[in-house]
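The two complexes that follow have chain A in common; it is paired with chain B in the first and with chain C in the second.
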Partner chain A sequence: MDILTIFVSAIFVNNILLSQFLGNCPYLGCSREKGVAVGMGAAVIFVTVVATLFTWLMQHYVLDPLKLGYLQTIVFIVVIAALVQFVEMFLKKMVPPLYRSLGIYLPLITTNCAVMGVALLMQRKGYDLVTSLLYAAGYSSGFLLALLLMAGIRERLDTCRLPKTMAGTPIALVMAGLMSLAFMAFKGMAQ
Partner chain B sequence: MTLMQEFTKGLWKEMPPFRLVLGLCPTLAVTTSAENGIGMGVAVVFVLTLSNILVSMMRHIIPKAVRIACFIVIAASLVVSLELLMQAYVYSLYEKLGIFVPLIVVNCIILGRAEAFAAKNGVAASIADGLGIGLGFTMALTFLGSLREILGNGTWFGMNLFGDAFEPFQIMVKAPGAFICLGLILAGMNCINRWQAHRTGTEPVSIGCQACGASCKSCQLQMAMPEDAKKGV
Partner chain C sequence: MVTYSILAMLGLGMAAAVLLAAASKVFAVKENPKIVAAMELLPGANCGGCGFAGCEGYATAVVTNPDVPANRCCASSSEAIVALAELVGKTVAEADPLVAMRRCDVYAGNVAQRYEYQGIPSCAAASLLRGGTNTCSHSCLGYGDCVRACPFDAMHIVGGLACVDIGSCTGCGTCVSACPRGVLELIPARARICVPCNSRDKAKVVTETCGTGCIKCGRCVRTCPAKALSVVDGRIEIDHKLCLSYGRDCREACVDACKRLILRRIDLLNQRVEPVPAAKPEQEKPEAPEAPAAVIQQAQEANKEQPHA
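Then we have the complex of A and B:
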């Protein structure tokens, strides 16, 4: 499969948020302003790609040879948690400007199911390392796209007069539903 | 609070995900049928109750600085046992729920209750809390699953309800239906809260963070809250 097909499939057709339902908490939490959405999205792209790399290596060079496949869940979450901690320390020490813009989102990412979800999906589908990394980049870019679109809509919503019962989370979910409907139109473009 | 109150608060007052907006991903993803909803709910009851027991027993040993990591490892070990049990006894359900079984590890309900309740209370109270919140979650998922299955497929627990003439709303069992259904249910909850508040002459309880009690540091929803709401938690 060529790179373009992978990206179209991961960003539009199988958007991680709008068709696979992963990462809903940050979606509702960080889609108030565009700046916050971009920060969170960038942090997720970074961590997802690195986490997919490490979990893939872990699965193929440690778990599989030792026949410890059943420990996948616990190993993956520990790898991701340690990785996030390490990335945070590294950025703080070596790249302070980047840390200042991404830093506050990093601790939240450990419990973001999009990161763990992508790592698990790659193992279930049995992709090789390069394909997995491309998919990870694609999926997390799709997450950034959905977050950014939603932030744009919600900035508009703030100035609208809504029924009090719909304000806040309910209208955000209904908007997500309508966006998901729009994304369904991409079906057929790729697998 | 008595044990009974700890148990019953999860069934309505702090029912996830309708009152505490936690654990949305599995709620949206697996509720294509009522049966899947129950299955996911029971899986969460198992992990939540046992994790509450373990966290509560170890609450004096776990150092404060690394507590989140400890809670995650406890939840992960329980999820691994759950996966092995499901593979042995209910394999078809395990296949249907897919990656959402291992993803129970990062479900905010588990971490949230460990931090907000089990780390501060005794074992008996933690069991009551885990069972109550878990049961509330199961009920919510079954309700959402039933709604989507009935509208989207014309069946309930696989039983055909309307006969052949019924044209199902296919969209309800697909992704957009999940978001729209949950959004409308939350709006309904808001409506009930406001009506109750109006009747008793108090401020309406808003859905979300107020009832949670966990530290906002580990929560992805923290940025959704206005600043003054955060101070209260």
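Then we have the complex of A and C:
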């Protein structure tokens, strides 16, 4: 499978938020402003790729040889949580500018189901390391795209006259459903 | 198998714990403990009322910069300010708490609408269209830009007018900069008098548009024994320091002197005043005949500076 197909499949056809419905809490929580959405999306891309790398290595060099495949979920939770904490400390010391822009989002996605979901999905599909990392980058870019679109819509919604009962979260949920419907149109373009 | 899995998880947990513990030593960043302590004393609302970028910015500045006073946070309680001053080793003069005040009462003034506005419901947008919906170009539009700006939920639109909840208002001034009409201003919370009129228009224009608009007659300016009142740019300005230091002996003479309900006692700030219809221009005399020449001149100069609405 070439790189383009992987990215089209991961970003549009199997969008992690709008087709697989993973990671919906930051989707609604961090989509009020475009700046916040970009920060959150960038943090998710970063963490997903790093988490996929380490969970892939964990699966293939620890769990499989020890025949501990049934511990996959819980092991991945521990690995990802510890990894995110470690990365946060590392960035704070070594790359302060990156920490200042991503820092507040990192703890938020420690146990994000999109990050976890991508890591598990890669194992279930049985991809090799490079393909897994490409998919991880694609899926998390899809997350960023969906978050950014939602933030743009919600910024405009703020200036609209809405019925009181619909303002805020209710209209955001309706928008999320409509966007999901729109993304369903990509189905069949790639696996 | 159970023992095996438990051991495996235990091992993984231990490895992760050791890694994180080691990392926290290796990658420890020395943060000034005083900044962390100062952050805890600040309210964390990030309102920007202190003039710094959020509470962290002010905490850093107050600890590192000796010229930054410890009483800049208007949202903190006075005990928290004293605690912050002790922490950073600065003496603190008791800050006079401020509150926001609306300089307008379109309801009492019975101000007419120029047109029916159906655009974006924000004051900033509405004020761009022919000077706003109200016939008075300096009035409160009531679309609530201040309400949305207020980080403390102290502003509310009541009956089409922005009302300040004095109890919740911290005087941070966020609403003052959010208002596109300059209707809001900060006054000391102890102030006795407020001026609910923002109009800089000439007396003739004011009498035609608003029943309780200031016509710059100067009566209050002459009446005040503390000389705390003046007409600046067509608006009445109160020097609250002079007013408060004179004390209550005058029994708010300026309020009684004003025939048009422009000056009010502060406790009446949010009270409803029955609408007064805008008068015909001939019925009002802008300047009383016995006015001292200086006051009339001052008021007229102020009027000249203002273009027609």
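The rule is simple: the second predicted complex is superposed on the first by the 191 of 191 C-alpha atoms of A that agree within 3 Å, B and C clash if a C-alpha of one lies under 4 Å from a C-alpha of the other, contacts with A are read in each partner's own complex, and residues count from 1 in each chain.
Everything below uses one rule, namely that a residue touches a chain if its C-beta (ideal position, glycine included) is under 8 Å from a C-beta of that chain, and two chains touch if they have at least 3 such contacts.
It should be emphasised that the depicted structure is a prediction, and the values quoted were computed from it without experimental measurement.
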Margin query: Please determine, from the superposition on chain A, whether chain B and chain C clash or fit.
Written below: fit
Check: Who does A:32 touch here: chain B (first), chain C (second), both, or neither?
Finding: first
Next item on the list: Look at A:156 in the shared chain and tell me whether it touches chain B only, chain C only, both, or neither; answer first, second, both or neither.
Entry: neither
Next item on the list: Taking the C-alpha centre of chain A as the vertex, compute the angle to the C-alpha centres of chain B and chain C, in steps of 10 degrees.
Entry: 80
Note to self: Looking at A:78, would you say it contacts chain B, chain C, both, or neither? Reply first, second, both or neither.
What the structure shows: both
Check: Once the shared chain is lined up, is A:169 touching chain B (first), chain C (second), both, or neither of them?
Finding: first
Next item on the list: Quick one: classify A:18 as touching chain B (first), chain C (second), both or neither.
Entry: first
Notebook entry, point to check: Once the shared chain is lined up, is A:107 touching chain B (first), chain C (second), both, or neither of them?
Noted result: first
Notebook entry, point to check: Is the number of chain A residues in contact higher for chain B or for chain C?
Noted result: B
Checklist line | Three-chain overlay, closest Cα atoms of chain B and chain C, distance in Å | finding: 6
Note to self: Can you give me the overlap between the chain B contact set and the chain C contact set on chain A?
What the structure shows: 70-71, 74, 78, 81
Check: In their complex, what parts of chain B are in touch with chain A?
Finding: 21-22, 24-25, 28-29, 68-69, 72-73, 76-77, 79-80, 83-84, 98-99, 102-103, 105-108, 111, 171, 174-180, 182-184, 186-188, 190-191, 194, 206-208, 217-224
Item checked: Residue ranges of chain A touching chain B (in the complex, touch as defined) -> 18-26, 28-30, 32, 36, 70-74, 76-78, 81, 107-108, 110-113, 116-117, 120-121, 124, 164-166, 168-174, 176-178, 180-181, 184
Note to self: With touch defined as at the start, can you tell me which chain A residues reach chain C in the complex?
What the structure shows: 66, 68, 70-71, 74-75, 78-79, 81-82, 85-86, 89-90, 92-94, 159, 161
Checklist line | Touching residues (chain side chain C, partner chain A) in the complex | finding: 4-5, 8-9, 12-13, 16, 19-20, 23-24, 26-29, 120-122
